[in-house]
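Before we start, here is the structure in question, set down as structure tokens.
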Amino acid sequence: MKTLAKKSAIWLAYLGVLLGLPLLFDSILAITIFNQMAIAIIFALSYNMLLGQGGMLSFGHAVYFGLGGFMAVHTLVMIEYETVYFSIIYIPLIGGLIGLLAAVFIGSFSTHKAGTVFAMISLGIGELVAASSLIFVSFFGGEAGVNADRTYGPAFFGIEFFQDSEIYYLGAAWVFIATLFMYLFTQTPAGRMANAVRDNPERAEFIGYSARRVRFISFCAAGFFAGIAGGLFALNYEFITEENLNAVTSGRVLLMAYIGGLGYFIGPIIGAVILTLMNSLLSNYTELWMLYLGIMFVLTVLFLPRGFAGFIMMHRTAWIRGKLGSLLLPYLITGLPALVFAIAGVAMIEMLHHEGEVFHFLGIPLESANLSHWLMCTVLAAIAYLGCKRSLPQLREAWESANAIDEAGEEREAS
Amino acid sequence: MMRLFSNTSLKLLLVSLLIQGSSLASAQEPIRIAFMDPLSGTFASVGNSGLKQLQYAAEELFNSRGGILGGRMIEIVPLDNKQSPTETQIQFRRAVSEDIRIIFQGNSSAVANTLNSTITRHNRRNPGQEILQINYSAVDPILTNEECSFWHFRFDAHAIMKLNVLTDYIAMNPDIKKMYIIGQDYSFGQVVADTSIELLREKRPDIEIVGNEFHPIGQVKDFTPYVTKIVSSGADAVITGNFGADMVSLARSIIDSGLEIPIYTFYAAYDGITATLGADGVDKIRLIHNDAGNPIPTQERLEYIQKFKRLNPDNDMTQHRITNALQMLVKAMEESQSTDPYDIALALEDMRFVNMSGEELWMRGEDHQIIQSLHISVHTDQNIVVDADNSGFGLLREYSVPAENTIMDHSCRMQRPRR
Amino acid sequence: MSMLSLQNVSKQFGETRIIRDVSLDIEPGERHAIIGPNGAGKSTLFHLISGKYQPTAGKILFRDNEIQGKTPFAIARLGLARSFQVTNIFPRLSVFENIRCGLLWKEGFGYSFWHLLGRQKELNDKALALLVEIGLADRAEFPAGELAYAQQRALELGIAIASGAELIMLDEPVAGMSHSEAENAVALIRKITEGKTLVMVEHDMNIVFDVADRISVLVYGEIIASDTPAAIRANPRVQEAYLGEVPEAATDTSSGQNPEGVDGA
Amino acid sequence: MLEVFIFSTLNGLVTGLLLFMLASGLTLIFSMMGVLNFAHASFYMLGAYFAYSISLHLGFWMGLIFAPLIVGILGAVVERFALRRVHAHGHVAELVFTFGLAFLIEEAVQFFWGPDTKNYQSPDILDFPLFTLFGQEFSAYRGFMIAISVGIFIGLYYVLTRSRIGIIIQAAITHPHTVANLGHNVPFIFMGVFGVGTALAGVAGVIAGPVLTTFPGMAVVLGSIVFVIVVIGGLGSLGGAFIASLLIGLLQSYAIASNVGMPDLLNLVGLEFSRDHPLTDLWTLTLPQIAPILPFLLLVLVLIFRPTGIAGKREQ
């Protein structure tokens, strides 16, 4: 029962953060970003059901997001013309059902195999649907997409959803519900067997489970929640276009889930938050943000194969043993030069980019034509690199001593 | 990278999140105008070039001369919409958040349509906080027809107006008997195809349309198979609305096949295209556009362009309509002595303005469509004073239509807000 | 009624006949060992019974149900469990989860996505009891992939037992273990297969003769003898087949048994 | 009609052979490491860009020699310092890594060369029509493309089947441990194969750049098609990849050249729909319109009905 109380506390904190955020940051821009995050969190979590929990690498997950979103926008239009009439708070559910429907159909033949075959089918389906969306203009609206207005439905306790902040609370509610249900799914036989099939499909068959059926269930659930995210997107932006079901969106959700950390439930949430912030803020400071995103992604795959969540979880043992503090100083000693190295590197990239003009980097005016600027950055980077390299063994040592396990079982049980 | 983020960006993030839309207009405060176009990604060069032209116009024509409305400066705020309708929504909210009331936007009709409906919704829900859309380049006809809005002004001729002039020009060429139409499979491509067919049938019923082909945007690796069809159809000329890499590839394939026929098009110059077509495209590529190219009509404009070129050696003055739009916008502010979008919009309606080339521009009040003369130019290296891509090649004017002959009917039923 | 009955089973891969006309009856409660030199087809025989491969000809009956042509999971549901030559667990799940997954189908949870596992007290108690039985209770929260080799094999046994099978098939359960580990493993096997039917493939003759009630000898895809340990020991054909062979030496995968390559490795 | 058929066949052949140059490298790499290199087409793009830069100073032919070399070395470096590291985390991580690499290379290309189309020209010496048929020219450069592709195919076939190194490579694919035990440096062979595979992609980029235009989107346009080919052909099968390349090249070429569509089909069965029909987009669909997505349709069908592809044996 102690764990139950602990878990409830975490969920209550989550709800608190969701509800409290707009009180801390209440500008329109902040709300916009939070809304984006809300959509991204559900979408990335649904993707994790496939890849992280079920071991299915999909290059076409945006299909379910997009189809759900399109149907949601069309439903909004129907509400406007009173073909149907209900409160728009249920719109994400419409998106979810369409996502589910699409997943049931596509999953019926694509979940036969995991691995490369599944990845390739998802790629093919993704390309097919994206291409069709440009051909079938009457439903998808061509490249301009479909527009709607969310304010025509019956008011919900007097709220007519004129403002994005009202949508935020609706979105937050959906995020909370969707997150909760996706978490609970992992705790059911179907969710647990998805992990088992991911780890070892053959073994799963020999304990009575059809790997294909298990994958199919996860696939449908992922499609359902992706559709909910799509429905929320439709509510937030009141429009949707083909770009929301093409390969770029599919790729972005893969990035989110991976950078956040596959396999950890919280990973995709972290990834969704990081990528949304980068996408909407970093792009205002540098045109090269996509390049940095690419570098970050590749570095993550290389050095943090379990993403940011995995990095955080690495410290669990040290935390339990109360030795996290002993890591702080070594982290600083190595981290600071690493930071300087990164800054110098970015400065040089920006100098290359701003050829022939003066630009301000962290408040310092830099110019690519000025050799001394290059020299300064190079020297800085070199010193930082050396400092990093010199201190790395110490960090490793500190790490090992903090994680040294006298009796392993004891440590595990303490959690 | 993340380090950068946690440092500069975080600080800026906090600042920008905390900014409240409560700035009161004071005499010294700059007038902030958003420029919302792709500034990163595949289409960045077009967007950045436009941004430089707008910044140059603001600096050169107004700020360096003491500002407007009694000394206020114009500040151009670049907003990167990555040419994505979704990202446009986000950047629009950023503009609202920063209390920017005027948005310049030009690239992609899909984006313009999205912005148009977003602004319409926003302005209806937030009276007193309205936003004005200055469309300097998106040519989808519906923006000043079915979907016209009081808050949207277009400073470029729309696709059908351009095609009207283009088909007039084609009709004058008796050698053309067979026409092939090819375009990207999306709304603009379809408008080009449908309208061309309709107008040619009217003007030259003897011209046979020997092909009407659509291909997916940006998906075609090799245009040779399409060119094979063009050749076998025996076409004398090609009309296409392609842009970007699809335009270059198509033109290159046609030229490579040895086909000596004219290509009539919209977007086959600048931003690397002129340089890539180079000598191969001479006398083959013809563009319909506004704002006369070579020879530059007035000394004033020539100097204006040359100064821009000195400041931005790698960019061209590709879209003079950006300058036109800013000049007319400022004129509207001065006339109404206001920066409120509603007052500006009223002042812009039916404004007549003589631009740097000495052409008179008319912003038709009924649909907010600019009426100005249109030109057809040829890709060449003869008599080029202002070239493109520093390549020595550029556009030479062959045919001009005065503004009054470009006027077309519209189907706009504008809903005017009441104050 | 026999527990498992093979009737003239054959298996061909292309032109190669791996299993030739094998017939075999295994009675309930019997502990049956299959031995034979490398490449004899022992693992293939296991794969045929458990449904990984389909026989080219012949019938396989499990408790009088024909199971040839059925999928592995359908066969597993009838009450046949197997372990693998290569350790076959769910490496990223905890030890406890491994066992619990093994229990799920038998306990009637199916593909349910409306039961919360944390709430299933009975299920969890069973899983814990099994963990105690296989001696891994103190490792319950470990990721299974981090266990020592012998522990992983024990866990694998545990998963097989968990499914509530009547017939348990073990493919080289002590391969790669040290002598003392092997002894513990054999003791565990005896303990947890109490009252069930056991079929095992094993190279360690000491263990085979120690554990088995009956032994079948498979050579080149054919069963040349099937009898009590004593009789097998005395059988001249068996001695001939094993001449020059060192049965204990073979611990890793041999060719011919697994034509599609090793799975899950 | 005949000239359309002949030229479509030639066009399909050019495209198909070009695709095969990419697919062959991808297949080799897959056979070796069991990973589909998502970034393969990005190396093709790098080939085109390097060749463009070299051609500005030293001419096309130097580009043809040096650009693939640079790309190959780059590929080997990627294998040695990145892919080998990711390998430990499994196939999914590898696939995701190459996916990220493709993303990164596209951004890097935009960073170094800018987002515009580059004026990369074919050599003047090949700037003449090889032959003229029914008034249409077939440029010598396209003939040159066919010759290079066929040459590489023959060379590759010869090296793999006849030479000592080819036999070692083939052995290393199926029995890496045995080959290692024989004293060969298997990781080095892997690196070499990855380098050669990417260099092949580089060659394809060098010769395709002038014809298919050199711009940052060129990898995306071709990338997924090459994937489709490798999967349709059967993962790991060079012969299958060859057949699939030509199949896709010709299929697309013929589809574009054709003039049939749904309206014809409907006329055939005597049906007609008005333009206002809600499914009008479907009723007016034409074959040329959907030509570029045919490969994906084929991919999905093949994967559903024959997951091993045309010539594939190996199951994942």
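The first chain written gets the first letter, and so on, giving A, B, C and D; residue counts start at 1 in each chain.
Note that in this section a residue touches a chain if its C-beta (ideal position, glycine included) is under 8 Å from a C-beta of that chain, and two chains touch if they have at least 3 such contacts.
Given the structure is predicted, the values throughout are model-derived calculations rather than measurements.
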For chain C, the least number of touch steps when starting out from chain B: 2
Chain with minimal offset from the mean of all protein Cα atoms: A
Farthest chain (mean CA position) relative to chain A: C
Chain A and chain D: spacing of chain centres that average the CA atoms, whole Å: 31
Computed distance of Cα centres, chain B from chain A, in Å: 36
Mean-CA-position distance for chain D and chain C (Å): 46
In chain D, residues with contacts to at least two other chains: 110, 289, 292-293
In chain B, residues with contacts to at least two other chains: 41, 44, 185, 216, 219
Touching two or more other chains - residues of chain A: 131, 135, 137, 288, 290, 295
Which pairs of chains touch, using the document's own definition: A-B, A-C, A-D, B-D
Contact footprint of chain D on chain A as seen in their complex: 51, 55, 57, 59, 109, 112-113, 115-117, 119-121, 123-125, 127-128, 131-132, 135-138, 247, 251, 254-255, 258, 288, 290-291, 293-295, 297-298, 301-302, 305, 349, 352-353
In the complex, chain B residues that touch chain A: 1-5, 7-9, 12-13, 16-21, 39-41, 44, 48, 79-80, 82, 84-86, 89-90, 93-94, 96-98, 108-110, 113-114, 117-118, 121, 125, 140, 185-187, 216-217, 219
Of all residues in chain A, those that touch chain C in their complex: 184-185, 187-193, 195-196, 198-211, 213-214, 217, 221, 263, 408-409, 412-413, 415
Chain D contact footprint on chain B (complex, rising order): 41-45, 185, 213-216, 218-222, 224-226, 228-229, 231-232, 244-245, 248-249, 252, 256-259, 271-273, 275-276, 278
Residues on chain D engaged by chain A in the complex (per definition of touch): 36, 82, 85-86, 89, 91-93, 95-97, 99-101, 103-104, 106-108, 110-111, 224, 227-228, 231, 235, 278-282, 285, 289-290, 292-293, 296-297, 299-300, 303-304, 307, 316
